[in-house]
Amino acid sequence: MIQYFKNIYSAIATIFIGMKITFKHLFVPAVTIQYPDVKPKLPDRERNRLYVNFDDCIGCDQCARACPVECITVDTVKGLPTEDLGKTSQGKKKALWVTSFTIDFAKCCYCQLCVFPCPTECIYMTDIYEFSEYERSNLIYNFSILTPKEAEEKKANYARFEAEKAAEKAAKAAAATPPANASKEQ
Amino acid sequence: MTYDFFSKLFGSDLIAALIQSLLPLFIFILPYALFAVWWERKVSAHMQDRLGPMRVGWHGALQTIADILKLFQKEDIVASSIDKPLFNIAPVLMFVGTYAAFAAIPFSSVFIGSNLDLGVFFIVAVSGFSVAAILMAGWASDNKYSLIGAMRSAAQIISYEIPTILVIITIVMVTGTLNLTTLSEMQTGHFWNWMILGGPGSSLSKFLLIPSMILGFGIIYISTLAEVNRTPFDIPEAESELVAGYHTEYSGMKFAMFFLAEYANMLAVSSVVAALFFGGYQSPCGYLGNLIGLKWLIPIEQIFWFTAKGLFFVFVQMWLRWTLPRLRVDQLMNTCWKYLIPLAFVNLIIIGLITLI
Amino acid sequence: MKNIQEIFDILKEKFGDSILELLTTLPVESFITIAPKKINEVCLFMRDNEELKFNSLMCLSGVDDANGKQVKDENGAVKIEGSTLSVYYHLESTEFRHKVTLKSSAPKENPEVESVALIWHHADWHEREAWDLVGIKFLNHPDLRRILMPYDWEAGHPLQKDYKNPEFYHGMKVPY
Amino acid sequence: MALKTEHMTLNMGPQHPSTHGVLRLEVELEGEIIKSVQPHIGYLHRCFEKHAEAMTYPQVIPYVDRMDYLAAMYNEFGYAVAVEKLLGIQVPERVEYIRVIMGEFQRIASHLVAVGTYGLDIGAFTPFLFCFRDRERIINLFEMTCGARMLYNYIWVGGLSHDLHPDFVRNAKEFVSYFKPKVKELNDLLSYNRIFIDRTANVGILPLETAINYGISGPNLRGSGFEWDIRKDDTYSVYNKFDFDIPVGKGLQGTVGDCWDRYYIRIQEMGESLKIIEQALEQLPEGDVTSAIPKRIKPPVGQVYSRVENPKGELGYFIISNGSPNPFRVKVKGPSFVHLGIMNELCKGHMIADVIAILGSIDIVLGEVDR
């Protein structure tokens, strides 16, 4: 019987304690913000959309190899010795044409593993987080500044150069060695 | 009174009756429901350190209207295996039960849908419609969650009607009337004439009644809370267990009907509690209209006080909802049969003895 | 507290030939190899023995050892033949605080290992997982079904090293 | 005449508000009483173990994050500890301290979600949002440190990706002093609420013998009254340098090992974690956090089973190396996976509403169950 009234008492008492707490919170200022109107201040290490400073990219493919989800694809073609490919901001000489450098943000897991191996620190994460798209294909970003046509041209150039070099080598080899051996080399 | 006015205006009893019956819906229940939904969201938000709706109108005041518009546009999804007629009737019946209860609620001394001598009894009776509606909805949905919700709900509402009625009986014993207008009129003057403080007069029995009345108020408030399926007694629609209980399968306007009925129900029971224990439409501290001699101001003031009291109890319901967890179905029955009903009986006997003095 | 050598000695004395060997040459972790058809008896003994009391199974893992030789079939797909599938049992005694690793290998063609699910209920789901992903059949398991993959997955057991993804599953393309 | 009755089968999930993810519980009911519960899992299976075999050791870490996504920091911690054991390397003291601080913050964050969603399961909405409000502050600390809010990739094999932010220590101390009164408020609002106690006490009682046999660990095992914590009993990192207690279930409101005990252990553990954080912040040594990161991670042939005390229980990594830069086999013993296996045992004879209460009290994350 005592337990009976104790139950009633404890129920009522704890309900009132709870109600007191919630009532107090009616007058506590809200912790939420009005998102699109007010934006949160992001810390300086924020890890959101990747950005590639393409001027500095030397096409070393380290980021693509570090990526656990294979969202980065880098295609390169060697530059001709006669061409000037420019320098990175740190003064490194480039040797490769980066014909395409795409990041598929639909796959990207924002793990930052690609950022650390980069020798020229040209790939880094920015604090832009609003980049949703209606089409999945729009999430594939191409950072290369070469147009497809230019890229084709570079590829063709290098292929031609290779071919010429091979031909030259073959010719040299043919000139230096007896014909019997030359045919074997081919 | 308004009925007479309209019947004179149109010269037809039928039109007058129609207008009379539609008036509370359009001038009171719909605006109230719109307000209450917004208010609940605001109350819950601020209790949880949030802001709640902020975009539509001032502090999101028009949010509910936007929601209603959205619900109007929604596709009415009807599963293939449901029992169509019952499925369609249920939300309507649910609303009818709630709406009919408003007929006997006195908003002020001049504005009451129907001044029934059996007012309280009528309200208790018609609110029983909702049980049928919930059972229909649960059964017709052909969904196990709905069915379980409906069974729980039927058991719950029927059980909790007993303590409600027992408490109403105590009031009837003291006042000798079931007419809510008469009840309200008895509690006129100042707040010490309210039933919660023993009713009018200053005899010894008034003071003896006070503890019993407070107990009675507690019991009726808890059990009406259970009757309208609010937390901590919202197990018929317990969203973490039964998804949405009996209205799982409803969408669009039919869902809105249930929703509207829930909020209207909250006000209905709050109003009944206010009318029984807190003087109904009576002001706690005299009328401004009396003071400055404008008699026509009094009914308006009365409506104000009535609404204020009703909304206060609705607020308490919301407050409880955002504070408490939910009971389990057997505990719910325990609360009713082991605690509320015995206490209500004891209360009934004590009040009976006091009234004999 | 007993070290793995002492535990091995106790087991060897009791079960003799069923306890195959103790491998301590690997860094970090040593293990005792046990015949697959006797593992349940050994485990029951280890749980109930007063000196050992391995009342807790920490982990049970199925592994495709891929130690056979690679064979190309007529379609050019690589198959590994003659290898074994192993189950590793990591046991612990919460009373004596000692731990031990057991290993039990079965040939891949007929990977049958006795179940320990009735000794430690913990093993129930882990064995189902080992069956699902690695394809080890646990004899006398109360309910050996797939657990992580769909119940009607027909393309084999994904954690086998020569597993090939099917093209379609119920008309849906599998590789995205 | 005997009445013929039929059991009703109720499918809870895969889409259900309180299955904490995509879990299907096949519940067999007699009225409201449960006859059996059969969990069906795998809806979130992402082939973690298969993926891991195709990746180098550092590349596995982002995948590890995604198992128990509410305690990602601790998953990395466990993985790093395991691979370091396999490699046999020592990490600098500062790294260990920072790992412990992060791990304990993560424990608080994970327990806040557990406690909050438990309240939500029982029907109390407000404590849920209070918990998320506080968790937000912890997440802000993590965001400040490594830039991500949920899936950190912060703890690496041999070190950390970044050193602490210069403001971190100050903010962390601020959080500790902010959070202490909040625990009390949460207790008043939820833990000691009579309705909450009625719903959880004497429900889903897990006896100790059963718990050990089922491999239960972490707060659930301690809730059954067994003082067992891998941080103390099989210590790793620098946990032996801190002074903290292991709360155990005492059956304060009902029987030892009921839902309320399991719930309350989590509340108490948050306090213990705060203690550890305070001590670690005091003792935090100086040093370089990236110095011990190996250039190429290529462990010797061998295997290791290493376990840590994840917020949810014993998180074990079984890694076999065949000497290549990719792990030969990574098997994860996730506490959630193990704990879910006991549902049937706990639920029998209870009511539908109790399934939710029990499921919430064992605190599972489906990302880890299905991996």
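Each chain carries a letter (A, B, C and D) given by its place in the written order, and its residues are counted from 1.
Just so it is clear, a contact is a pair of C-beta atoms (placed from the backbone, for glycine too) under 8 Å apart; a residue touches a chain by one contact, two chains touch by 3 or more.
The shown structure was predicted, so the numbers you read here are calculated from the model rather than taken from an experiment.
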If you tally C-beta contacts across C-D and across A-D, the winner is C-D
Quick one: most central chain, C-alpha centroids? D
In angstrom, rounded to a whole number, how far apart do the mean CA points of subunit C and subunit D lie? 26
Between subunit C and subunit A, distance of the C-alpha-averaged centres to the nearest whole Å: 40
Where subunit A and subunit D are represented by their mean Cα positions, the distance between them in whole Å: 31
Need the CA-centroid distance for the pair subunit B / subunit C, whole Å please. 64
Sites on subunit D at which at least two other chains make contact: 126, 133, 189-190, 193, 195
Where subunit B touches two or more other chains, by residue: 47-50, 322-324
Per the touch criterion, the pairs are A-B, A-D, B-D, C-D
Going by the contact rule at the top, pick out the subunit C residues touching subunit D in the complex. 26-29, 31, 55-59, 61-64, 88, 90, 94, 97, 101, 120-122, 124-126, 129, 133, 146-150, 158-159
Parts of subunit D lying in touch with subunit C, wherever the complex brings them together: 41-42, 45, 47, 49-50, 53, 85-86, 88, 210, 212-215, 226, 228, 233-234, 300-305, 307, 314, 316, 318, 320, 329, 331, 333, 337-338, 340-342, 345, 370-371
Per the contact definition, I'd like the list of subunit A residues that touch subunit B in the complex. 7-8, 15, 18-19, 21-23, 25-32, 34
Which stretch or stretches of subunit B touch subunit D in the complex? 44, 47-50, 144-145, 148, 231-232, 234-235, 238-243, 322-331
Using the touch rule from the top, collect the residues of subunit D that touch subunit B in their complex. 8, 10, 16-18, 32, 119-126, 129-130, 133, 189-190, 193, 195-196, 198-199, 351-356
